[in-house]
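Order of writing sets the chain letters: A, B, C and D. Residues in each chain are counted from 1.
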Amino acid sequence: MGGNPHVLLIDCSDQKGIVHKVTGVLYRWNLNIEEQGEFVDHLSKHFFMRTVIRGGLDASSVLKELKEHVPTDAVLRLEELRTKKIVILASKEAHCLGDLLIRDHYGELNAEILAVLSNHSILEDLARKFNTPFICISHGHKTRAQYDEEVLAILKNYRVDYLILARYMRILSDRFVNVYTNRIINIHHSFLPAFSGAKPYHQAYQRGVKIIGATAHFVTADLDQGPIIAQDVISIGHSKTPEQLMQAGRDVEKTVLAKALRLVFEERVFVHQNRTIIFD
Amino acid sequence: MGGNPHVLLIDCSDQKGIVHKVTGVLYRWNLNIEEQGEFVDHLSKHFFMRTVIRGGLDASSVLKELKEHVPTDAVLRLEELRTKKIVILASKEAHCLGDLLIRDHYGELNAEILAVLSNHSILEDLARKFNTPFICISHGHKTRAQYDEEVLAILKNYRVDYLILARYMRILSDRFVNVYTNRIINIHHSFLPAFSGAKPYHQAYQRGVKIIGATAHFVTADLDQGPIIAQDVISIGHSKTPEQLMQAGRDVEKTVLAKALRLVFEERVFVHQNRTIIFD
Amino acid sequence: MGGNPHVLLIDCSDQKGIVHKVTGVLYRWNLNIEEQGEFVDHLSKHFFMRTVIRGGLDASSVLKELKEHVPTDAVLRLEELRTKKIVILASKEAHCLGDLLIRDHYGELNAEILAVLSNHSILEDLARKFNTPFICISHGHKTRAQYDEEVLAILKNYRVDYLILARYMRILSDRFVNVYTNRIINIHHSFLPAFSGAKPYHQAYQRGVKIIGATAHFVTADLDQGPIIAQDVISIGHSKTPEQLMQAGRDVEKTVLAKALRLVFEERVFVHQNRTIIFD
Amino acid sequence: MGGNPHVLLIDCSDQKGIVHKVTGVLYRWNLNIEEQGEFVDHLSKHFFMRTVIRGGLDASSVLKELKEHVPTDAVLRLEELRTKKIVILASKEAHCLGDLLIRDHYGELNAEILAVLSNHSILEDLARKFNTPFICISHGHKTRAQYDEEVLAILKNYRVDYLILARYMRILSDRFVNVYTNRIINIHHSFLPAFSGAKPYHQAYQRGVKIIGATAHFVTADLDQGPIIAQDVISIGHSKTPEQLMQAGRDVEKTVLAKALRLVFEERVFVHQNRTIIFD
């Protein structure tokens, strides 16, 4: 029983009466609904419901009773809406990490940064300014598998809710991704049209794109193809050099990452079949 | 009983168990919920709920039973989600009217345009192209009250759901507004900062604004201060002449008006104490 | 000699003194510069200059003198800024065509629509409303080459400045494209990330994209890869059906196409190595 | 003579041949133009020109010669494009200050932060993290005039190019503003429509605005009415609490302030009759 609200998350195949039955349980426990949203996916006929409940409650008892009233394929979670614990993975670029540290400093991050982990030492100075533990693990002479095992071993020391890839420039092994299913959030630039290959900002310059974007997504084994959490763009003109495009890209990246984290940390995001359902 | 879905709209003071009770009625009538959203206003503790129900139903019986389960101050509506009937009021500018006529032509307006009414004849040609009745009522030698009575008398001949002010450059009398409470939708330009007085685009030019916006709102007796339905902006630079600013303004006006109409015609908009609650 | 301003467009390899020499010619001819912009591409060291000149002038004499003062690889154009003549190619969708016809009706298109040409008859009614000649050429039993020859033969009857593909759902043959180099403008949807294959809006729905965009570009032999003129996006959420995504896409498509046409028709766009340089 | 490019800024009443004459001087000094833009204001017939010159030069000699070729009302500047020296004034809110400190940390601010000055001590910890001098001047028992004199006296110790008001919640005295004409940059929230009076975010909530914006501007004696440098907005919905609106506002404020500083520090901004002309 705590002072924070609880959040109830249910997703299951759609069925008549679910909302009635679920809210009936809450009503009998005398719980106050503060926010509620439902959504039925039009194609898969899958039901999603997010309810914010104010007041103390015995979560395991309520949850037990709820399970008796929902379809058998239902996934239920009922948890206190608490500050999340995160580890930030970064490489050399400071803009996303710096934005998160500053937000944390003025109390807007809604998460506790347990540590910053990097394959380079360059960001150590920044993390230290904010008294955040910095772990540098060099990738020299290691295979991807070896490196990821080493990182996983270190992460075991923390009770991590989410890993945040703040411009972490390494591809994660499938094993790594599977350990943290739907718990790794990445940010990367996006272009219209998309560019594959190296130096995307140079390609964007040479192609004369008028818009630069960023996408925050959950990481799956399929590189940069995981469920999208947030996206935004910024307009640019022909006179910008590739370096200026990168600067514009950094601004939109940090904004989009912060938005995605807010949505996830407030338990607003369902993942279903490689897409997100977001109650915002 | 009809093939279209029904939409149930409830707003009332917040109370424990409302969702449970309301969905219980729907469940007992064996109705399928297709979309549902609830919202509790944080300041006024007022509850809003919008439910889309698929399948035939006896609306008056369901409504009667629903009324027994909601707070006494509740406002309930349960209606088939049908095409709205509208009259467009315009003056001399064609961009919003034209956009609505074209959308209607390709089946995207979700409304039936009963007539276009104007205090000028200049738009008659445009309305006629789309076989839309055009009513010109000159305002010469008439007081505002006289003019508005004349228009009201004509409108009585139609079963109007909504009046759309598509750049109708007349201020409506309070009496006119009261006849169509929350059923008149207006579009007007918006600036950051706001400009009062004549020639706002010239003022915007001289002030060097970087953004031009438009606001669609319900019309209340308080000029341009009614509940906001939709807003958007467009970025502009110093090199635009006042005429070019107007052109940019026209583009954003027609987009915002169309968005507002979609929201209203799909019964997604509640009005509460001069603000809107929108389930989109 | 005309009442409209003239526009001078120069692009060449960059060289010291070009602006001085070119403006010197204009000064000696006693011409008034109303607008001027220069740009040097950082990578290719190519120079671009656009000058709007007020007042009557003998274009061929001025042009002849200008050629003596610019690098030998220079491309020069000096023309009266006049209304462009266009033919619109469309298929079945009305939103872009309708928007252009309406803009033309209220005098904002800055072009003369000579005809609408389509491989279907469905848009004939819309074109006729605006007294625009409609040419339907069925593609049945014809190869792409045959079909395109037929269209080219018809287009020869018009003095076309630009062909506008307003959702023309046919791939143009290389020969067709080469006849109208940098004079065909297309609009198509754009996604972050990009989707290949059929039913892109369904793919976008299943992927849960948060942004839908549109790109207007010159058509080159490489499908949808020509120089980009304008782009914009619209934010969308998970609750939109594929059909609603398409509706949102139509809105952004027509806005972006209109913007691109304004830029091109005002002679603000240079094409250089598959990118555009735009003086707006 | 330095390694950085120089920037030449000229504004004067428009006259035939200015560009030719000015570029003639540059050509005779054998200087390379890297970027150039001109603009003639349509209403005031005032001419603006910004030229970036690569290569070493004797600025005072070039400037002297330039003065012989421009109208007598011309204002000329020819300076090395150097890192600007700034003092940041703040109060209690950390988001704008934090964003500037982080950008400075990763080398994107394009300015040297000489000090942070505040009427509160709460931001001292943040400034110290980045080894930035923090000056706290309490406003207790002081008139506005006394306080501002005290601040001015301290600022005299620095060679300040620009003062940045990063959520500095004090109104500046006219005398203060006059000492730093067009050298004080402020950021404040903007709404559509505008709200006067206290607690604007609560007013915005109660009015149900759909867009929240921010405006960066030069400070003039007329409060919040100075020339606008940059603006942007963010879309919001009815479900956001006033606190969440403030959070959204903070995000757009820091982005807009950073954009404005980039434009000013790169010498891209002219101020003319309470508006800005920006070569971006």
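As a convention for this text, a residue touches a chain if its C-beta (ideal position, glycine included) is under 8 Å from a C-beta of that chain, and two chains touch if they have at least 3 such contacts.
Computed from a prediction, not measured in an experiment: that's the story for all the values here.
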item	value
Identity of the chain that, by mean CA position, is farthest from chain B	D
Copies chain A and chain B touch via same or different residues, half shared test	same
Between the pairs B-D and B-C, the one where more C-beta pairs touch	B-D
Centre-of-Cα separation between chain C and chain B, whole angstrom	35
Centre distance in Å when chain B and chain D are each reduced to the mean of their C-alpha atoms	40
Shared-contact residues (touching 2 or more other chains) in chain D	35, 39, 235, 237, 239, 280
In the complex, chain D residues that touch chain A	35, 93-95, 98-99, 101-102, 105-106, 108, 126, 129-130, 237, 239, 247, 250-251, 255, 258, 280
Touch list for chain D against partner chain C, complex	16-17, 19-20, 23-24, 26-27, 30-40, 235
Touch list for chain C against partner chain A, complex	39, 42-43, 190-194, 205-211, 213, 215, 224-225, 227-228, 230-233, 235, 237-239, 241, 273-278, 280
